[in-house]
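Shared chain: subunit A. Partners: subunit B in the first complex, subunit C in the second.
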Partner chain A sequence: MMRFLGLAGAVAAAAVLPEFLPPFYVRVVQFFFFSAALALAWNIMGGFAGYWSFGHTVFIGMGGFAAAHLVTALGLSAGPVQMVTGIVFGALFCGAFAAIIAYPILRLRGIYFAIAMLGISQVVAELANNVSWVKGDVGLFIETKLPGDIAPERFYYYVFGGLLLVTALASFLILRSRFGYGLLAIREDEDTAKMLGVPTEKLKILGFVASAALVGMLGATYAYSLGYFTTGSLFRVDFSLNMIIYCLIGGIGTIAGPILGAAVMLFLTQVVLGGVLELHLLVTGAVVVVIVLSMPDGIMGLLGSLTTRKPATPPAPASPEVAR
Partner chain B sequence: MLVLQTALNGLVLGGVYSLAAVGFSLIFGALGIVNLTHGIFVICGAYASMMLFHGLSVDPFFATIPVAFVFFFVGYVYQRYLIQLAVSRASLVASLLVTFGVALIARNLLQLGFSPDVRTITPSYSFSSLVIGGLRVDMVRLIGVGVSLVLLSLMALLLAKTAFGRRIRATAQQPLAANLSGVNVPHVFGQTFGLGAAFAAAAGAVLGIVQPFSPSAEEFWTLNAFIVVVLGGVGSPSGALLGGILLGLISSFTAQYVGPSFTNAVMFLVLVVMLLVRPHGLLGSAFGESR
Partner chain C sequence: MTATPILSGRDVTKKFRGLTAIDSVDFELQEGRIYGLIGPNGAGKSTLFNLVTAYYPLTTGEIRYRGERIDGLPTYRLNQIGIARAFQISKPFPAITVRENVRVGALYGVPGPRDVDAVTEDVLALTGLGEMADRKSGGLPVGNLRKLEIARALATRPKVLLADEPCAGLNPSETSDMMECLRNISRRGVVVWLVEHDMRAVMGVCDWIYVLEAGAKIAEGNPQDVVRNPRVIEAYLGVAPPAAAEETA
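And now, the complex of A and B:
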């Protein structure tokens, strides 16, 4: 109940926040919503199931391109129907693509899975760039018509805020279901889980598809918010890496973690260091190294260990028997 | 004729790719660490060789020796005092992120120090080429392949014949048993990493004359090394050679017959297919139980 009230308070605060922020910061927060939602979607596979993908940006790109091509092919005029159609199709398209590649690719584990995903994202990006009808090299327009006279940054602020909520809710429901427990079991020990009767193949495929569909949805929305995009603006390797970094910094496999991680990193890179662009890589790299070495379980892990420190170190017992 | 020329180009390119990948392969095979700083070592080698060439007019061919020597110590210190810390405090996967973070830092520093511009090293022989029976090979590439074959053989001998190589292989197979037999395991881990770094930097010193380079090219060389290792197999110089040559052939044939813009797509496609069909590479793991 307290959690629910806290969440409702946060949502209400976020809803009125644009009234008090200059447009630049509305944009920063909007990008934070987008990044945090991406990290959460990655977290379903990477955090819950322990399958780290290095190429999730492929779903951002496919979602965007699928949406733009569909609404152009259907000849829809800009408006709410056209936008929702595009976003839903982006999600479905990515989900379907993920379902097709899932069976072979999920046989790989660990670093091999990670690199195979990187490979897939590179192949798709190169194809989008070089196959002429996809038009990834010259770029695509996707028309948007905003309701009323709302400023674009505020409109997308609310859209991405809503999508972050959707992604967080989906993650929460997954984590609290048999599905989520199955994914966690896969992360801890896939072979044992399989032996104990967890349908690992099915769960992995479902998790992968869910993660991909969510990223596709976000990617399509991102394409709308850009209006004009090329391969380079959607298939960005740094998107893939940032999803991992945000999860890692916040606490991988949790729900608050990826959101917290995105908030911390974006605050550091966009607000504090917004003026010194040439040091971005250095700071990102240094933060990653320091976080991995100092708090391997991220901010959430640190918070957890702070709250449970006392019972973890009880006064030394007189003898082992007494301790038990 | 075109087929032969393309095949020759591929072979020559592949020879160079092999050398650039063998250090990555050794570290991955023996320590299980995916070293994302690998490309940085290669690029640093290229910059070091450039500075030696412009400052002291040392031929890049000879620059490999001091560069390898310096980077052996860099790699040793890096492994023992940073990567090992990540492995012991967190996990092997965490070490991947540490190497990634260090790569970002180093790339940024290189950009600040040398500017993001693309550089080349142009010794006197850089525009001459050799013509044999109608087939043309650039002199620099030929030298690159020569150095590559010499260094790869050197590493193979080192691993197979010397006491040092035996310690590396033993540690890779069974750290515990090696430790029981009196091998100083953390020290050997550091040395192995240093050896990998030394080979990467030496490769970079030669690559500087074959291909233009810039700080952001590090990504290319890291990925390239990974593909070579996946194609050929982890941990052995012969696997790196086979993988490198295959990769060279794939990219030159794709560029010739499909289109230059498709080389990356085909390379990664082969990578993905290879991972699915035979994840341990064509030659498998030379260290047997290490995987």
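And now, the complex of A and C:
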């Protein structure tokens, strides 16, 4: 109940916040909503199931391109129907693509999966750039018509705020469900999970599709917010890395963690270091190193250890196959 | 041996390239009993369990559950039809609590209506893990890790429990607790098949024992017969004692 009230309070505060912020900061918070939602979506596979993707930006790009091409092909005129159609299609397209690549790619574990995803994101970005009808090199327009006379930064502030809420709610429901426990078991020890009746292959595919679809939804929305985009504006390696960093900083595998991580890092990079662009990356890198070294379980881990005594370091998982 | 065995294997063979790890082993488990599987290190005990639970495919032979072929089914399906396994090397889910570990088994395992909370609490109580249920399993001492292996497997509501050295690393009093726990599990109608090095423990609890050496079954029988079997003594001691050697010949 307390949590619910806290959430309701936060939502209400976020709803009135743009009244008090100059447009630049509205845009910063809007980007925070987008980034936190991306990190949460990555966290479903990376945090719950332990499958770290280094190429999740592929779904931002595919979501954006799929949305733009569909609404253009359908000849929909700018408006709410056109926007919702594009966003939903972006999500579905990414979900379908994830389902197709899931079978070969989810057989890989650990660093191999991470690198395979990095490779896929690079390959798809190259294709978007070089296959002429995709138009990733010259760029695509995706029109929007804002309701009334609302300023674009405020409109997307609310849209991304809503999508963050959707992603957080989806994560919460997954984590609390049987599906979520199955993903945790996969993260902790996939072979043992099988022995407890967890259909690991099926759950991994479902988790991957859910994560991809959410990122696709966010990517399509991001494309709308840009209005015009090329391959380089959506297939950005820094997007892939930031999703991971926000989760690490905040607390991987939790719900609040990725949101907190995005908040801390964006406050630091956009607000505190906004004036010193030449030092910006250097300081950011140093901060990430310090935080990861001093708080291996992120901010949430630190908060947790303040309330409960920390257990000893978990032993390294052993391999069952060699045991006799 | 009249009723259809709950779990049986015939000509179960596993070759790794040239090495025959399990050589044409037959077994037959009936309901209501506790079985043992013993043999020197490297005899293939865990390999046999790995075959039953489909971590490895069989080279030849067949495994049946209640008369139905089950070799070839994936591991998670075997658990869902009622075969659970506790690993020799404890494999807890270290970053989540003991209760959550057990809950995974209760949420998955054999399908069908059940009260997940009730199953979880019941199994925690049965294995004596209630007090540490909210601790992260990564920090547990070895005795409790063994209990957790059993608890988690049991939460899947199995009909057959393969327990791979549940007493490894336990002191004598913990060992007797574990044996008592296995007896209780058996009383609940679960067929227990136990790999164990502690001979006293095996002798005390098992109704029937299979003996493996170098992948082949060299003996089976009730505990009293098995310990007197010269081939078993030879396998364990390396040479047959003189008196037994004559009997063998």
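Just so we're on the same page, the second predicted complex is superposed on the first by the 308 of 324 C-alpha atoms of A that agree within 3 Å, B and C clash if a C-alpha of one lies under 4 Å from a C-alpha of the other, contacts with A are read in each partner's own complex, and residues count from 1 in each chain.
Going forward, contacts are C-beta pairs under 8 Å (C-beta built on N, C-alpha and C of every residue); 3 or more make two chains touch, one makes a residue touch a chain.
Keep in mind that this is a model prediction, so the values were computed, not measured.
In the superposition on chain A, contact of A:R154 is made with neither subunit B nor subunit C. Among subunit B and subunit C, the chain that touches a larger number of residues in subunit A is B. Judged by the touch definition given at the top, the superposed model places A:W52 against subunit B, while subunit C stays out of reach.
Contacts of A:P296 after superposition: subunit B is touched, whereas subunit C is not reached.
Shared-chain residue A:I115: touches subunit B; no touch with subunit C. When both complexes are overlaid on chain A, the residue A:L282 reaches subunit B alone and has no touch with subunit C.
Residue contacts after overlaying the shared chain place A:G182 against subunit C, while subunit B stays out of touching range.
Those residues of subunit B that touch subunit A in the complex are listed here as 34, 82, 85-86, 89-91, 93-94, 96-98, 100-109, 111-112, 219, 223, 226, 230, 259, 261-262, 264-265, 268-269, 271-272, 275-276, 279. The residues of subunit A lying in touch with subunit B in their complex are 52, 104-105, 107-108, 110-112, 115-116, 118-120, 122-123, 126-127, 129-130, 237, 241, 244-245, 248, 278-282, 284-289, 292-293, 296.
Those residues of subunit C lying in contact with subunit A across their complex are 41-47, 50, 53, 55-56, 74-76, 79-80, 84-85, 87-89, 91-96, 100, 103-105, 107-110, 135-136, 138-139, 152-153, 155-156, 164.
Put simply, subunit A touches subunit C in their complex at residues 178, 181-182, 184-185, 187-189, 191-200, 253, 311-315, 317-318, 320-321, 323-324.
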